[in-house]
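What follows is chain A paired twice: with chain B in the first complex and chain C in the second.
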Partner chain A sequence: MKLKTALMGAVACFAMAPAAFAERGADGNVKVLYSQAVSIMNAYLSSGTKDVEAGSLVLEPLAGFNEAGDVIPRLVTEIPSVENGGISEDLTTITWKLIPGLLWSDGTPVTADDAVFTYEYCTHPEGGCAQAARYEGIASVEAVDPATVKITFDGPKPNPFTAFVGATSPILQKAQFANCLGAAAPTCTEANFNPIGTGPFVVTDFKVNDVVEMAANPNYRDPAKPAFATLTLKGGGDAAGAARAVMETGEFDYAWNTQINPELQAQMEAGGKGKFVNAFGTLVERIEMNMTDPSADLPEGERATAKHPHPILSDLNVRKALSMAIDRQLLVDVGYGAAGRATCNLVPAPEIYASPNTDCIAQDMEGAKALLEQAGWTDSDGDGIREKDGKKFTLLYQTSVNAVRQDFQALIKGWWNELGVEVELKAIDGGVYFGGDPGSPDTFQKFYADVEMYANNFDGTDPEPYLAQYTCEKAPRPETQWQGENINRFCDPAYDAMVVELAQTRDMEARGALARKMNEVLTKDTYVVVPLVDRGRLSAHSNTLGGVVLNTWDSELWNASDWFRVK
Partner chain B sequence: MLTYMIRRLLLAIPALLFTSLVIFLLVDFAPGSPMSQIPLTVPPDVRARIVEALGANEPIHLRFGLWLYQFFVVEPAYLLDQMFGTTLSTGRQRILSWQSRSPVMDIIAERLPQTLTVIGLAYVIGVLIALPIGIYSAYRPYSWFDQIGTFVAMVGFSVPTFLTGVVLIVVFSVNLGWLPSVYDTRLRMTGWNSFVQQAGQMAMPVMVLALFNAAEISRYMRSSMLDTLGQDYVRTARATGIGERAVVLKHALRNALIPVVTVIALGVPTVFAGAIVTEQVFRVNGLGALLINALEASDLPMVQTLTFIFAVLIVLFNLIADILYGILDPRIRYD
Partner chain C sequence: MTDTLPAAAVEAAFKPPRSQWRDVWDQFRTHKGAMVGAVVLALLIFFVLFGAFIWRIDPAFIEPDAVKMIRSRNQPPSWAHPLGTDQLGRDMLARMIAGGRVSLAVGLTAMLIAILLGTTVGVLAGYFRRLDGPLMRMTDLFLALPLLPLLLVMVLLFRDKLAGVFGPELGTFLLIVFAIGVTSWMQSARIVRGEVLALKEREFVLAARSIGTPSRRMILRHILPNVMSPIMVAATLGIASAIITESALSFLGLGFPPDFPTWGRLLFDGVDYLQQYPERVIWPGLAISLTVLSVNYIGDGLRDALDPRIRGR
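Right after this comes the complex of A and B.
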């Protein structure tokens, strides 16, 4: 698939070759529609994807990711590596060289001081920077000279491409944001709405949660780009409406994240005014097994904690049987169509980190039944529900309110019923489920259910922090105000040791092997996490918009400077 | 009359203060948190710092006090500064939206024109359609005109706007390609062409809402007119031989309008509140879309401020309706 995407990108490049020689602004206006409206242009004050991506048209990082997940230079001459001396031998420093003569959209030069300032801006303790994780593990950022930025890490950093890499970590102009440090950050409305950047476009009019008007940046580093003189980014509505505006009415050129059901996808493709593009990243819809007992009979404070292992799901064979009973391909066909594929992995990409495991794809109902028999769960009273030691096999299965998720719940409930498991379904409003309020019993972290479903992914291309979520100490519990990322309360000292090992492994091959192994520990070895669908990104663009290459590793608008009008 | 108005306005103050407290508590106790908008890829400690920077973790009484201070002191001061160039609000924090980190009032001011033009026009058109239909239906009850009027009103009232809206889009935008399905806020009316464009993009939302409003008001008008036409004085008027037109439009209509005017006046605040569903369907960036968006994102300062402004408008238009009642009906005196 990735090869195919790359080839398609290459084909698109050749197709646009004549256009590439066109002058800046020759193609007029391009209209982009986001089903979620843009609130702010500064990625450091909002972690919402829509805000980060809108901001990426104006603010740029030193380097970004291409559609294959490789690091590509943006504001620098080359990507630092140990070979070219940009990364020190001990992996503790990385040095970036800015492109000579680089200008901000207001005509002033971009210097290393801007990068140093950006680091200070995001790491200020009172600023509440949404992207602070990108700057973790950094001891200092200094300007060696006006064109050289040197980052020194606390220790060896096998993946140094976090700070200033990708759309979530752009460079701010020091002159514009100098008075916006710390607690003053949100008060700089003008700067947050109209940032001065190095990207292909500049904001000309910003209407909160509605529309952003942009014009080509007169000082963009490539004098022939962007081909469009103006860009309109409208927001609001829903995904189906956004897809319709591109595919059926042709009012817009590009619609972001048009996640609609396969039936509607086919219907809209018939409109003939545009096409859907899809690409896969790391977003995986999964079922998480609760390793602790969520029973309401337990006293508050002990419920769903490591004190009480789960009475049913603690048995590996039971978890495995529940996974075997699921027909993942059918789930894809019902819920996602071209925008999804069945997966058995928690880390489905990049290739080096993705395990080849496909054991779970084929549904095996008989095998699952046999496993349960073997585990001692039998239906002795003939009511269709299995029991063991007088305890009935019943599960509470929760997720957020979402049409696809409710379809999935119904299908999976059907399969589990067939297995002899009684299933109670629960759907919780997304604002509560993902809200993390320690006082609410319905957050996904609190996990007052036996199994739950949601989707998660990781930022960038390195799964280390993602896999490190499953250590014993990261389990949500009363002492941590129910915050924590180890939702299942999975706890295995051997796994914790692997997390430590991964942080110290520098060799890419070894990192890949270890990450694959850790992924397998969580999925096919223990079935603590039961991955269902690798959810791709589905967007739509009109037939007259050329140069679109969908990228799930960086901002979706990562190459808007290359877009052009097909004539 | 004046003392009555002053008394009513003064009484409104404690009522509104109490309302603001109730709204604040409701919004605050409602499940959902601004954290739900932060992607899961953001680690817990970073999330905690974001919430801290928003001030969302302060105790509830402090936040309510701050909001009151900002709403009743800082925002008016800022308004005065804008109007007279004073510096009353310098250095004081205005109410900031959690989503966009920009002043809530500025966003509301930006949204108000769209709501007033689209929803307001729909309301006016709805009233203009409803009154003649209601009057004639009552004048010829159970005629074919009345039957059709009743049917249309039933349809308009019972078919939800999210259905009529999407049906209109499918017919006029997708199949016929006559009208845009997405409202373009940037359009400036500079000449005939842009006027036609503006009319085109307003056509569908106005149609949807006008149908809905007309349905409701025409029923009120019909029943009120029906009542009046049966009165003795109408028969007396007819007996004087002044002609049907004068009887209906002069003698009956003025009296029949009294309850209808009240209903219309009480409906005006809903114009400001926007039409949440219709605005969402056609992507009109009005106050309704703003409110629903803020609710989804748990943007408490925005929700609180907007709902409170709606509360003020409702109180105000209740007062206006009462005063209108007094003007229209000489039997009612407030002194």
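Right after this comes the complex of A and C.
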């Protein structure tokens, strides 16, 4: 009898196990560590990645991106397309259908009015909305019925997945934010710190720039999720400390952006407590060639402007030779390990926009030397430095202060010295270099150097605005207070025409082909931009945390509702 | 009736009089810490000055061949690289030698500038009543200025110009030395002024004045030797803080070009590898600590030796 009871108990346990596994809140607490602390939960009032990602646990957009960069539904029944009638034939409207019966975490229904309100909130003329770019080109957003949102654009929009798509444009609850429009937005502390959302978690305690405590959303649309009852999101520290907290001490289950040197990565992984996960997005470490003369002899206001072309780097063969002398794979091995890969492209992803160009991967020192000889740069006086018309080949190479970048500088200087180029290095504090202060001579926009190195990427999956940065009129110059995205002052009317053409091209295949061509114009045809490393995102999670899928196209915590405890 | 002097006393009387510096040296020798410090500092200076002639590897040399370069990285100490290699395969011993040269040169030169300025201001303010007010207010002004922002502005304004005239390395050296010098003289100026004010009232100064000694000689002959000991202490502390300030500037990217090794930069570069290769931090850290410690002990010994009130006890 006793045996029978025990057996039945065991059977019952086994039968219950899968059910228990799929129950909301069954897995207790999960601890997440961000090396930058969260200061607000509302993505519209902060451009900081950490705030956007923390907010994504609570506030959700209509649709998001998956790890491949495809648009996936979140609060809607399906992704609109021209085929299913969600996008109009002329590409000027897009219509979203909300999931029926969807509730906010306070139990009230989600309606199309909330989306309309969100649009008004971010485009309010008095409010400084950090994500206004996602709502550009919209003529109106209207609620056709409580479950249908219709967006009308100013003109045909080949990529309509900007508004309400991705973690940077979530839906706010109208009832909660109604009094927070425009200038009042930052004053609504309670709403900004404890927003009512549709995501898997709700905020229970918010300590600014320290820790956010969350609990499972009782009204989440999937009754079995999230598996964790509570989530603790701690902020602060640095990348190495965050990696250590997951990989060595096991205090945390997940750490964001654990960019550390490859040796340390290998050593921590050998500990066996956790794993590094990486995914590649569009972040490319590159060298930009200055097309204008940054010489200090020129008067202020003319220095580094289109009035004076660069005396050395204006020659295509010179730029090409400098690129050929670089061994990109070695740079990856030294600086990034698993979190990087050599690239020749400015736009390395998504696949449809990525050029198959791999010409630059193999280092060709002899070819580079021959190219310089051909361009007229010869070492006539035997001092190891090439000259042409009495001018020595010397370059000033600047970047921000960062251990990996300084290693890159030293390596690249070595190769260029071998080529017969004298290189002077300069490292500038990141706050100044990227600070954009027009009064400082050391900003990357001012570019008072011959070549400079930094990394940049584009938001979302469409490279159009990114490629459009390299038009003539976007060059930083005194008239624009040294603002502008065309850092190297590349100017080619043919390229400008391609930018206009890209904006008018609707067919995806044609867009891809054109974008690939534009990428090649900037890289392998002109070597104005010399891409070095495609930098992936590297995060760490403990072996006891399951379901982690790293995503570079959306919030890193995009699928936190699917996370579970490995038992 | 005639008492003969003892032989020893006669001998002593015929000996030439002992010079002041001889006394100083004798006193200095009795200070054990100072002697050890002097030997260590001499060895360090010898190491950085002549090390490069004995150890002839280029501190910036990176293996050009990719495969060899990967193998040469992060080597433990060996006969080929007694202190190992860094993350790019550069020889650490050669980098320590090159870095020490810069760090010691910056420390000593900046200290000299600071002491020269501080002593001049302090003596003038203490000795001439009319100058006291303006000079001390200027000192207060400099003390009130936040040091780091001031340095940043100076670097920003003058770096390119100096680099144009003297080349990037010498230009940066002059700028950093000058910047550290002119922003660290205030403490010594205050100390010196206080001492001078007290000395001015002493009888020997009054006596010297009564026989018409001009101010210039008064300062050089009677005042300066007596304020030597606080100046020495300020100077030794100054070397240490100058080396450390240079490190901080290099770290902010405002010091020397990033491929230019200094002890401070080697230390900061090593911090990333602290866990895996602690020696990367230990060597430059040890060198900086040894320099600072030995200079402090030398200063301590010198103060005892130079102060006529302590000497001979």
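Here are some notes:
Operating definition for what follows: the second predicted complex is superposed on the first by the 546 of 567 C-alpha atoms of A that agree within 3 Å, B and C clash if a C-alpha of one lies under 4 Å from a C-alpha of the other, contacts with A are read in each partner's own complex, and residues count from 1 in each chain.
In this section, contacts are C-beta pairs under 8 Å (C-beta built on N, C-alpha and C of every residue); 3 or more make two chains touch, one makes a residue touch a chain.
Bear in mind the structure is a predicted one, so any value in this text is a computation, not a measurement.
After alignment on the shared chain A, the placement of chain B and chain C results in a side-by-side fit free of clashes. Legend: residue contacts after superposition of the two complexes on their common chain; A:Ser440 is shown touching both chain B and chain C. When the two structures are aligned on the shared chain, A:Asn317 is found in touch with neither chain B nor chain C. In the superposed model, A:Val211 lies in contact with chain B only, and not with chain C. Once the two complexes are overlaid on the shared chain, A:Asn159 sits clear of chain B and of chain C alike.
Of the two partner chains placed around the shared chain by superposition, neither chain B nor chain C is touched by A:Thr92.
In the overlay built on the shared chain, the residue A:Thr148 is in contact with neither chain B nor chain C. In the superposed model, more residues of chain A are touched by B than by the other of chain B and chain C. By the document's definition of touching, both partners, chain B and chain C, reach A:Asp429. Residue contacts after overlaying the shared chain place A:Thr544 against neither chain B nor chain C.
In the superposition on chain A, A:Ala410 makes contact with chain C only, not with chain B. Least inter-chain distance for chain B and chain C in the combined superposition, rounded to the nearest angstrom, is 6, based on C-alpha atoms. Residues 429, 432, 440, 442 of chain A are contacted both by chain B in one complex and by chain C in the other.
Chain C makes touch with chain A in their complex at residues 60, 62, 64, 66, 69-70, 73-74, 87-88, 90, 156, 160-161, 164, 168, 251-254, 257-259, 269, 272-273, 275-276. Those residues of chain A whose C-beta lies close enough to touch chain C in the complex are 240, 261, 263-264, 267, 296, 327, 329-330, 333-334, 363, 400-401, 403, 406-407, 409-411, 413-415, 418, 424-429, 432, 440-442. For chain A in complex with chain B, the residues that touch the partner chain are 33, 37, 39-40, 45-49, 125-133, 183, 185-187, 189, 192-193, 205, 207-211, 213, 232, 234, 236-238, 241, 244-245, 248-249, 251-252, 271, 429-437, 440, 442, 454, 456-459, 465, 480, 483-485.
Those residues of chain B whose C-beta lies close enough to touch chain A in the complex are 31-33, 35-44, 46-54, 93, 96-97, 99-103, 106-107, 110-111, 169, 173-174, 177, 180-182, 184-186, 280-281, 283, 285, 289-290, 293, 296, 298.
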